[in-house]
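The two complexes that follow have chain A in common; it is paired with chain B in the first and with chain C in the second.
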Partner chain A sequence: MDLDALIGCLGSSACVVTQTTSGLIIGMLLFLVAVGLTLIFGVLKIVNFSHGAFYMFGAYFALTGYQLTGSFVVALLFGAIGAAIIGLIFERVFISRVYGRDVLMQLLVCYAFVLIFDDSVKLIWGAEFKSMGMPAAFQVPPWFIAGGVVPPFYILLISVALVVAALLGIGLARSRLGKVIRAAAHNPDMVSALGINTAMIYGSVFALGCALAGLAGALAAPVRSMTPGMGFSVLIESFIVTVIGGMGSILGALIGALLIGLIRSFGSLGFPLFTDGLMYLFMVIVLVARPTGLFGKDVA
Partner chain B sequence: MTKTGKPGINRRTTLALMGAGAFTVASPWVARAQAKTIKIGMPTILSGRVAQLGTSSRNAVMLEVEKVNAAGGLAGRQIEMVVRDSKGQPQEAARIARELVNTDGCELLIDGEASSGSFAVHEVARDIGVLCIHTCSEASSLTADPKQHIPNAFRCVRQGIHDSIAGGSYAANIAKAKGLKKWATCSPDYAYGRDTTAEFVTYLKHFAPDVEIISETWPKLFQPDYTETVTKILQAKPQALYSALWGGDLTSYIDQANIYAMFTQMEVFAVNMADYTALTVVKNLPKGIHSGNRYIKTYPATAENAAWGDAYKAKYKEYPTNWSWQNATAVMFLSEAAKKANSTDGKKLAEVLTGLTIKCPFGADGTVTMRGEDRTLVGYAIGWGTTIPNEPYVPEVKSGDWKQIFALEAEWKKSKGYT
Partner chain C sequence: MSELNVENRAGAAPFVTRPRRAAYTDIVFAIIGFAILAALPFLFDSKALLDFVIRCSAFGLFATSLNLLVGYTGLISFGHGMFFGLGAYGFGLLMQRANVSIPLAMVCTLAITAVAAVVIGAICVRLKEIYFAFVTLAFQMLIHSVILSWQSLTGGDQGLRGGIKRPVFWGIDLTNHVQLYIFSCALLVIGLLLMRQIAQSPFGYTLRMIRDNATRASFIGINVWRAKLTVFVLAALFASVGGMIMSLFVSGAYPEFAYWTISGEGIFINMLGGVTTFLGPMVGTVLLLILNDTATRLTEHYGIVLGVVILFFALGLRKGLMDFAVDWYRAWRDKAKEQS
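And then the complex of A and B:
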């Protein structure tokens, strides 16, 4: 424990800016993965244990897109769309067969596909780790805000995640499709009786969730090395985020992800050997105080 | 008169065949002694995060085995490699090692496991007495600790303690020249990371007593995001950073630290940087990172080493790794020992291997030695240099002093109660 370092940091604007930005970066990437997970659970009532694999697919598709075109924008599209297409096929062919079945069956199907997806990546891109490298536009010195260090690439990353959060929130609340999705989450039989194709809704929501995970993987690709199985550690933290925020809640995923990011960032200063422990401790406290999570009732 | 009988084989023939079969199965050593080929078993890691290193180990062994076979084999017997994937799990490595000898009929073992697996394979070698050469474990205690000594096990690998002494000496010289007194460390949070870092710091302080460690960070092995550790180090404002991160973890760390311009703010010493696995993957390799040599074809700067690196690349379309040269050296040792013993018998080979010096492209002076007292590799090329973004990546390497390494290693062994 190094409380002096933590207190010293809180008294310095430079340190607060650097660590807060660091927390936002960690949190926003987690949010993109966790919001897909929570959206799928909210509507389909499926705990998608294979969700981390779509983060991995997003990173690898982005790498291919970047290698082919040299454009990071194209890379992002490759990542999100590629993950969405695989997600849609996966949902239609396999996941749709376990709707309403017990969690153990869902877990077995998802886990089997985690292994299949990891080996597929190994076959296509190879077993060795890969690196995309920073796009030329972002190979610039970091900005200094109030003495704190803020890399421009991370500003982009935070901005994209915030825009996605806003679009998702507004889209689900205001658009017709959003209303249908929310209705399907509450009462799928009634929605189906009204002549709406719920299979299409389910497929779309699953694909959207996977696209968000793929986007997170694509955004992370320039700064994280890629290996088959890279989605596993992200999946664990995403589950922590959804448990803290409340399964099925988009706002919960956002707040949960930001809290985890800030805990990691400031915790590494004050509790360097207990940063992961802090994260789990926080989750336990939330679960004891509110077993449904912070926003558990706000089902999408 | 023609003799007639029932079709097929009769009862007497059946009994005779069964007897012969049972004798062969029950007495595999008889079959082996007569076999023209010799099977060598190799458990290694061919799947998971470090599959690239295991694959490069297998490749290097096959490259050398082809040469030995083309030259007539091991004491006249062609080598047949039996390579199995342990998936990096120690219990699986031990099971495979035992199976390779008892079921597959392997007469020798090349142990291509990382440290945790190597200790498990070592116990199998102790138990069944097969000649075993460890080719990947850098944990010093595997051969330094007398409790681990068995006459049939050898280590053909660089060692953590050797790297730490050479690295500590090199870093101390830079620290004195540039006035680097405040240091930070960032290494993976498991036995290798902690031990190697502690040993490096010990020898850094031994050679430069003014050095002070002001910050330590211990990210988990295979951690995806290092942002919090990067910013923590930036807050501490050290003048120099030491890291034992490796492979994909090291390249992620460099990518993430790069955008904070960390490498312009301090001197960085990353012992595992100068390996092609990392050098060729990092897209924006900063200039001036200090690294220990792992495998690069320009050090030692000899035609033999360059030719070996090129031959490997021509065959496998990628550069060799640190594990590659160690595995290749193991086959070179076996080949030379078999010539001297004129035998492939494990006990005879072990006798010859103990203290054997051979010509080798990876030797500091063109030779390497299997030191007799602890059956471990010494005299290999060891040094540190600084990186540049393109080939040859580390243009100049300052060689470590083996006399100094031997002297301090002896003191270290005494301090650990090994001697």
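And then the complex of A and C:
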């Protein structure tokens, strides 16, 4: 424990700004993964235990895209679209077979694919650590906000995630497709009786969730190193986020992700070895107080 | 459902004798099983075989205890491995630091596990299905991070090193490999026998009823929360014994013992062997360990092989091996009956 470091940091605005931004980027990446997880759970009633693998695919596809074209925008597209395509195939061929079956079976199918995806990445890209490096456009001196160091890339990352959050929120609330998705989450039989292809809705929601995870992976590629199995810790953290925020709630995922991000970044100062532990402790406290999470309505 | 209505209530007189007779049969089976296992070292001179059976005892106790939760009560715990880890670390630490005898260390570890399980269980068993799975997973990860961060006590990510002393007790010397083997087999057989008694007792049938319809169970006056908590603690104790065997076997304890993958493997073992028969998890343990050993020996793409096998069971057979065998045997018997 190193509480002096934490208190010392809280006393200086430079340190607070630096830690808050690093907490925000952890939180925003987690949000992108967790919101896909929560959407898929809300509509398909499936806990996608292999969601972390799509984050990993996103990062690796982005790496390939960046190496081929040298453009970070192409890399982001590669990551998101590649993850979406694999997700769509995965959902249509395998996940669609376990709808309505017991949770154990669904978890097992996903667990099998965690193993298979991780090994496939090892086969294709190799087992060693990979790094994409910061794109040339962002290799500029960092900004200073109230004395704290903020690399411009962090600003991009945070804004992309915020834009996605806003688009998702508005899209689900206002657009026709959004309304259909919410209806399908509520009562799929009725929706399909109205002549709407629910299989397609399920497929597209799953692909959308995977695209978001892939986008998170692509955004993380310049700032984190890549390794097969990198998705797992992200998966566990996004589970914590969804459970804290409430399964199926997008606002919950956002708040949960920001809380976890801040706990991680400030916790790493005060409790360097127990940072993960703080997260689990926080989850336990939230669940004991509110078993359905902060914004969960449905008593699952 | 008909057998579920047989409760520990007055009307069930004809069934009172049945479990008692079945209990004797179980004991006979256990003795035969133990005799066969105990004869192995004298028939085959293979250390690898003994090692394999010791690992099977550790994981078999763990997986069977998990089945008390998953198969009998419908509580899908994704954090059962924490008690395996707690058993391994508790026992290892007591032996290293407290200088006590092995049986005393085991009893103390069981007491520690019981206290932990009561606290954790009291929080978790209120939650339903998927939330229960996640909160148990969170507790597992919490214990794992405590083990990693409390370096002065647990050795952090290096694990408990320096070996575990094994003072002779009751004339048993666990430094001798064959005696360690016999000791593990004895723990396995006794553990399985006790769990079998729990599963076949009126309490075991109460658990099945809670699994099938918790609301109905509470209507006829069963305290569902207390029954779930009881089985959670009982299962934790047997998992802890599994951890102790493992700690004796490797002469230490490693953070991996408390990592979530142990729980994942436990769930997978149950699935592989089948959750509807008592010995399913035991069969699953043997299968998974064989699969592990061959896959790691033959290929470096262990994940793909294991993943495909899991898919085969989950989507192809749609049940565990023992379930499959039992169904197949029933179909065969019915057919034979029809013909005669």
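Brief remarks follow.
Assume the second predicted complex is superposed on the first by the 297 of 300 C-alpha atoms of A that agree within 3 Å, B and C clash if a C-alpha of one lies under 4 Å from a C-alpha of the other, contacts with A are read in each partner's own complex, and residues count from 1 in each chain.
Everything that follows uses one rule, which is that a contact is a pair of C-beta atoms (placed from the backbone, for glycine too) under 8 Å apart; a residue touches a chain by one contact, two chains touch by 3 or more.
Computed from a prediction, not measured in an experiment: that's the story for all the values here.
Judged by the touch definition given at the top, the superposed model places A:48 against neither chain B nor chain C. Once chain A of one complex is fitted onto chain A of the other, the partner contacts of A:283 are limited to chain C, with no touch recorded for chain B. In the superposition on chain A, A:22 makes contact with chain B only, while chain C stays out of contact range.
With both structures placed on the common chain, the touch criterion links A:243 to chain C but leaves chain B unconnected. By the touch criterion stated above, A:273 is placed in contact with chain B and with chain C alike.
Using the contact criterion defined above for the overlaid structures, shared-chain residue A:112 touches chain C, although it does not reach chain B. Contacts of A:38 after superposition on the shared chain: neither chain B nor chain C is touched. Applying the stated contact rule after C-alpha superposition, one finds that A:204 touches neither chain B nor chain C. Shared interface residues of chain A (contacting chain B in one complex, chain C in the other): 122, 273, 276. For chain A in complex with chain C, the residues that touch the partner chain are 47, 94, 97-98, 103-105, 107-109, 111-116, 118-120, 122-123, 236, 239-240, 243, 247, 271, 273-274, 276-277, 280-281, 283-284, 287-288, 291-292, 299-300. Residues 5, 9, 15, 18-19, 22, 25-26, 29, 122, 127-134, 138-139, 141-142, 149, 151, 153-154, 220, 222-227, 229-230, 233-234, 264-265, 267-269, 272-273, 275-276 of chain A are the ones touching chain B in the complex. Listed in rising order, the residues of chain B touching chain A in the complex are 47-49, 51-52, 55, 216-218, 220, 222-225, 227-232, 234-235, 247-249, 251-252, 255-256, 258-261, 277, 281-284. Taken together, the chain C residues at the contact with chain A in this complex read 70, 76, 123, 126-131, 133-135, 137-139, 141-142, 145-146, 148-149, 151, 156, 260, 264, 267-268, 271, 301-304, 306-308, 310-311, 313-315, 318.
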